[in-house]
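The first chain written gets the first letter, and so on, giving A, B and C; residue counts start at 1 in each chain.
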Amino acid sequence: MSKSEKTLDRRQFLLLGGLGGAGALATAGIADAAASNEQNQGSIRYGMVVDIRKCVGCKSCAVACKAENHTPPGVAYSVVMEQEIGTYPDVRRRFVFRPCMQCATPSCTKVCPTKATHIRDDGIVAIDYDRCIGCRYCIAACPYGVRAFDYGHDYHSAPTPYENQPSPEYGQHKRRARNTSPIGNVRKCHFCLHRIKKGLAPACASTCLGNAIHFGNLHDPEARCWVHGERLRSLLASHNNIRLKEELGNNPSVYYLI
Amino acid sequence: MTDRSQKENPAEQQPMERRDFLRSAAFLGGTGLLSGVVAPVFSQMAHAQRMAELDEGKHTYVQNDPEHIIYSVCLQCHTSCSIKCKVVNGVMVKVDGNAMCPQNRVPNVPYATSPEKAAVAEGKICPKGQAGIETLYDPHRVRKVLKRKPGTKRGGGQWVTIDFHTAVKEIVGGGDLFGEGRVEGLKDVYVLRDRAIAKAMAADVAKIKKKAMTVEEFKSTHAANLGVLIDPNHPDLGPKNNQFVFLAGRIQHGRNELMKRFTNASFGSVNTIEHTTICEQSHHIAYKAMTDKWDEGKWTGGKTHMKPDVGAVRFVLFFGTGFSEANFGPPILSQLMAENLATNGVKFAVLDPRLSRSAGKADWWIPLKPGSDGAFAMGMVRWIIDNDRMDRRYLENANAAAAKDDKETSWSTAAYLVKIQDGRPARYLRADEAGVGTKVEFVVSRGGRLLPVDPNNKEKAVEGDLDATLHKDGIEARTAFALLRDRAREMTLAQYAQTCGVSEDHIVEMAKRFTSYGKQAAAEFYRGAVQHTNGYYNGQAIITLNVLIGNSGWKGGLCAGGGHWHEFGGSPGNPYDFKKMHPSKFPAFGVMSNREKNRFEDSTLFAGYPAKRPWYPFTSNVYQEAIPSAGDGYPYPVKVMFLHMGTPVFSTPAGDKQISILQDTKKIPLLVACDVVIGETSMYADYLFPDGSFYEQFGTPHSPPVVLTKVSPFRQPVVGPLTETITLDGLEMPINLEAFLIAVAKQLGLPGFGKDGFGPGKSFNHQDDWYLKAAANIAMGDKQGEAVPAAGASEMQLFAKARTHLPKSIFDIERWKNAAGADYWPHVVYVLNRGGRSEDTDKMYKGSTQSHPYSGMFQLFVETVAQGKNSISGKSFDGLPRVEPAMFANETPVGSDKEYPFRLITFKEIFGTQSRTTPSNLWLDELLPENAVVMNRLDAEKLGLNPGDRVRLASQANTEGKYNLGNGEVRRVEGKVRVVEGMRPGVVAVSWHFGHWASGSRDATVDGQLVKGDPTRSRGFTPNPVFLEDTGIGRVCLTDPIGGSASFYDTDVKIIRV
Amino acid sequence: MQNNNASTSPALRVIGYLVLAALTLAGLWFAADKFVSGPIHEGTTQFVTWGIWVSGYIFFLGLSAGSFLISTLIYVFGVKQLEEAGPAALVQAFGCLVLGGILIVLDAGHPERMYMVLLHFNPTSVMAYMGLFYNLYIAILLVEIYFAIRPQLVRKVNDGDRPGWLYRLLSLGSRRLDAESFRRDKKWLMILGILGIPAAIIVHGGVGTIFAVAKARPNWLGGLFPLLFIVSALTSGGALLTFLTAAFSRLPKPRKLALVRSLAQLTLTVLLIDALIVFADTLTTTYGGIPAQASTEHLVLTGPYRWIFWIGEVAVGLALPVLIILLPATNNRVGWLGFAGLCVAIGMLGARLTIVLPPQITPAFPDSLGAYNHLRYTYGYFPSTADVMVLVGVFALGVWMVVLAGKYLPLEEASLTSAQEGGALS
């Protein structure tokens, strides 16, 4: 169906949703489904709106990320940065979830000598493991420190059944084996591309305890968060929003509400 | 599915590689120079093509497909979240929340949604839950039955593997099992087997308690059978059967009922003891006491756990807890609070000496002195009453009818007259005493007239004056409210503030706020406020705040939760009433080995105060007393102890003092443990039975009360068992608690198990027989015609397809069907396909009230407690909240000592759990590799300590800061310093979870072979060994004499640099 | 101190060779391990992702480019007093390129795919151009070396010196020794030299640019690095050449002294410029005090890297050589000047370390420290055994090159003859 049709029936749905919890929730279900169709459409720029006022610092996002992507020890796609602000007794705690910013003008793709790191039409910055030579220039160049080199560590000397399962990343299902990609490659958050392809929100956003991570298509004015159903543009308009290191001009796709 | 994708994956890569290679060869054939120049031109094409390839819908991702999903219930902590386990090739590859369960997603995916559709949505779970896979596949799990190597000491780490059946025979039959002489088996303890005799004795023991029969009379009546008693001179101790103690630790619902069936109803021992007093018991007891139901002249118990409706509340006070670190539980509480914060701007204060994650987000952080929560609450009570800010209208309602008129669902005893005896409020005045009614009615005064009240009367509304006094022919009485007011006025606000070490304004501001949002304010409290010797009173004071504004049952007020369907039957709709499904139930009787639920004064052991060890008339599951009591053989020696899912030695304050008892084969001749690893306590066992992890288990856990709709999460096996599979009477089953209990029961010939275990034609041979009947009860519902829909053909297929990886030992569709009952089966499948049963979140409220409100009475004055006495000091307990310092059992205050200038407290990290997860769970380990002594910068500066410095903690009870494992190893209470701003100066905090000395961290020898432990799993340290021991009692920590809570926050320490 | 390896006793020399052999083998072992076990034994972290291998790489690349540029002084600009150093400079340039190449290949996570750089050339990646010009540069060097020593090779073939096969191979079958052929040699040397200058500059300036464009690392970012890298290339190249000539040249004394001296003076000049740039950079960033930048400077000036900086770079790499080259007492002694060259070279190695490592140490978000705990996320960098042994091995390999080249390649004779012939013609 055409885009307008789709957004329309999504809105109708939300209308219902407004009335009862069931509907509102279904936003999620539907938003997911709808989003999956969005795949076939142009002008997609996937992004996140992270509401740090709602972030409770649980780090479920970071662990979900590990579990989802089978990242080895020493590789963290996302972290939650903690800070204590003020002095006793006037103290607060701040937590900032930091995935890859999926910059619209990324430093990493620019410097990558092989174009292994490339930006996709949907705005996601992905890595082609089979092309990456592991030079780490991208790590040196990323101003957000989100990239990690896979040194080939493993959690258990004798791999657990889970560790023997391939990682679903990029739909490639690579099994972990010495000296084969992604070992020796640089890795990073890819907005759970393999899930998005199935119309599923990123693992971190899905489990976020504070409903703080919102995900969706920043280009579609009507687009709603795949997980919580809020209209992304309204969210951005409703509070002060910032992007990290805005001044560097990387034009991140991750916004923070403060 | 993945196999395909895997096959397809190389297919996807290979040609590309080759093409790349050829092309490059062509270039490299020339000089590097040439290739360099030419490549760029081509690479554009190459790039585009490559991208296309990567994108060609090759994104096979199966783990969210319905046939790869089994819904179950998490148990990384005990919040029991509903989870969505994703299994591919028989391996669990991801865990997420169950979006259909209101506990893990608000709003939830409608329960009626087909599993196929629901598969796309995920619920929310915390980091521990997300890391479950690491726990499931923990390489240090035990898989075979272990037996202490004969000739070696308990805790020596020397084991031999033993065949399951042999182990069961030995445990039942006893004999010279360890070359240390004869050990009595269960059959020797299972002495009284005749139900009739038991019944008669039980009845007479009840008489003895009521002083309606003397011991001599008893002895002559039962002369023939005195031999079955532990001590004929003290028949009230019960039969020898009681010398079997089931220490159940953190046992889960489902297993809990099974344990009780085994121990009480079949074996005839009264001793099933859970972990609750090291957890939050005084919180439960305070609620239970204040909601105690009056039923035809008896107090019949009340709600143990209520919470603020955090989704709609507009002002919350968190005493010693929060919403984002622990409590019950992080996923639901965080979700609701965060949403409430963003949409309604809920205001909240956290009272905690430590800046918890929640406090770090709060509008007010009030770092009060540890143990002063009651004082703070009473300060608020005083201000509220002095300024007349309570809800008089609510408080004057004296019964259900009056409440109904005001659209209230609860009412209180505020206006009830309380009799003053020997100058203290003793008990509620009964209507017969006042000459206005019967002895099952109470009395209020309205405009000088005395009126009888039947609290539960729904027709005739009765209201009473809040401030009334009665002096009439020798009877002196005042209203509970007036007594509370006088109690609150015993101290000035300044004094309260000083006790709490906060400013008076704090108390006033909180009181003002609390009374500024009508019914949409609430006070929540948990461990921090109650795991003190004064825990019960603290709890009572805080609950009193809620009563003063009458917030219970309102949207945004206090809630008791939506409850659950009765999985063990008893309601009209339930097909199986487990209580009745027992061929011959044993009336277990006698004093419990830890003397809980019993009054010292009633027992034949009573010969004036003090008792040898405390008695606990008002509480239950007094965990910390179980082993020390066995150590003293008081009230009687223990012969056989089962330990399940608990590590008292590790998780109890001063628990290390119990080690020597566990090691003493005279005190506990036979010690059998059931554990997933060789744990801190199970390492001392004679036999260790492996258990399945919770992903391999069944269970029927209950959701926390903050879930406002009715929910029954159902735990079911998600992956094949990692423990050994055995065959019992021709049935394959994995070794786990259930297999163990069934086998022992059969070996002992206990009724209620095995053939016809549930009654004629209904056998109990396999765990399925137990749990699938429970599932049927949930599926068919409590009321007639409340059944869930029957699963259709496609759901039936999905059900089987999702379980193809499960072995016959745990999944056999026919066996399951028979166990559940063919008629119920399709409904059961419907439930299993959704991980349980739940009402949708749109049913949370009816207008401005909750759909499932607590409808009952709140007691401002607790009669039962006022009637009780401290078994050590002999002093009476108080019916009103009381501000009290930390005290030993004999009521001497702990006091303070310049030598130990810091107060030690403890807390839970959001990514740590019970005694599990960190650091043995490597994903969580990465979030915090070891805990620390957290202290304020000012204190650190005073002591000249820098972050990372190593220090040891020592207390009056443990002046060295050391503890002995009794196997040659001495450990130190030692860790790194962490310096923060967010900590009350003078208080230091050490988080839980760390400092394991077993659980895979230590070497063990099995069948002569060394099984290496991983020392990194013992990182960090546990503060428990420095918590104060009640030396007057011995080998037990300080304890709340009413609520029974173990004290975790009343110990002062010194900090020794090392 | 005196230079002539002739005087060192055979026993010592044998021991020397044994040690050298041992170190080389050790290096080889760890290099091989990289292909067996992958990168797991490397000491770098997710913050300091480029370690001492990359530092070594740019060090050798610098030497190479430097030596080459000096050779162009001879073949392109016909600077007479350096003539004899010409061929040596070229061979040195080539050798260092090889050594650097080994390190960078090892540093890559997937060396076997490095051809991807050319195959999927990314026009916006400085590193991609590096790969490109690296090839180009090697090509030029090889051809140029051929022309530089062809006559002498031919002579050796004719004189039947052994190993004959080697000389026949190297001379690529050329037999001509007539003036015409010499002129052609010179012409080619000139042309290739001219071609080579941009190549060398791009290669090493390029490396500088790799760092200079990384806005994520404030202490790298900016216009200074490309220049600095070229200057320090010259400095290190000159320094090494000075040292090697002083140590191994078999020229008659006076000419040798003259040669070494002019090399030393050249080195001194560029060294001072280099120092000036570094000083300016350090001063401004510390003065500006932007945390991200200043923190790095503190690491260098007062932090863990202070020894490398103050002792290695300032004392040994700058003060000492400047004194030696300026003081009359030492500046006419071949040995001292050679030593000065060595000092500068060592200082340059230090400079490479302080340029590469410290700016990476402070993470993009200091708060992220402790958010995720693993040795790859720890603060600071300490090279692993593998890191060190491989680097040592590569240096050992370098010494082998010097020894063998000195033994078998007719460098100076070549320069002499070609120079004479050329001279005769002019």
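Methods note: a contact is a pair of C-beta atoms (placed from the backbone, for glycine too) under 8 Å apart; a residue touches a chain by one contact, two chains touch by 3 or more.
Treat the numbers as computed from the prediction; the structure is a model and nothing was measured.
The two chains most heavily joined by C-beta contacts are A-B.
Chain centres were defined as the mean of their Cα atoms; on that basis the chain farthest from subunit A turns out to be C. The centroid of the Cα atoms in subunit A and the matching centroid in subunit C are 43 Å apart. The geometric centre of subunit A is 35 Å away from that of subunit B, both derived from CA atoms. Rounded to a whole number, the gap between the C-alpha centres of subunit B and subunit C is 68 angstrom. Subunit A has residues 62, 73, 76, 115, 130-131 in contact with two or more other chains. Residue numbers of subunit C whose C-beta contacts span two or more other chains: 116, 119-122, 131, 372, 374.
Residues of subunit B found to touch two or more other chains are 43, 47, 50, 926-927. Within the complex, the subunit B residues that touch subunit C are 20, 23-24, 27-28, 31-33, 35-37, 39-40, 42-43, 46-47, 50, 925-929. Interface residues of subunit C facing subunit A in the complex, by the touch rule stated above, are 35-40, 42, 44, 46-47, 49-50, 107-111, 113-114, 116-117, 119-122, 124-128, 130-131, 210-211, 213-217, 360, 363-365, 367-368, 370-372, 374-377.
Partner subunit C is touched in their complex by these residues of subunit A: 62, 73-76, 79-83, 96, 98, 107, 109-116, 130-137, 139-145, 147-153, 178-179, 181, 183-186, 248.
Those residues of subunit B lying in contact with subunit A across their complex are 2, 5-6, 9, 12-13, 16-17, 43, 47, 50-51, 54-55, 57-61, 63-64, 88-97, 99, 105-110, 113, 117-118, 120-122, 124-127, 129-131, 133-134, 136-137, 139, 323-324, 330-331, 334-335, 337-339, 341-342, 355, 357-361, 365, 367, 840-842, 844, 910-911, 922-924, 926-927, 936-938, 980-983, 985. Contact residues on subunit A toward subunit B in their complex (touch as defined above): 20-22, 24-26, 28-29, 32-33, 51, 53-60, 62-64, 66-68, 73, 76, 84, 86-89, 91-95, 115, 118, 120, 126, 128, 130-131, 155-156, 158, 160-162, 164-166, 168, 170-175, 193-195, 197-201, 203, 206-212, 227.
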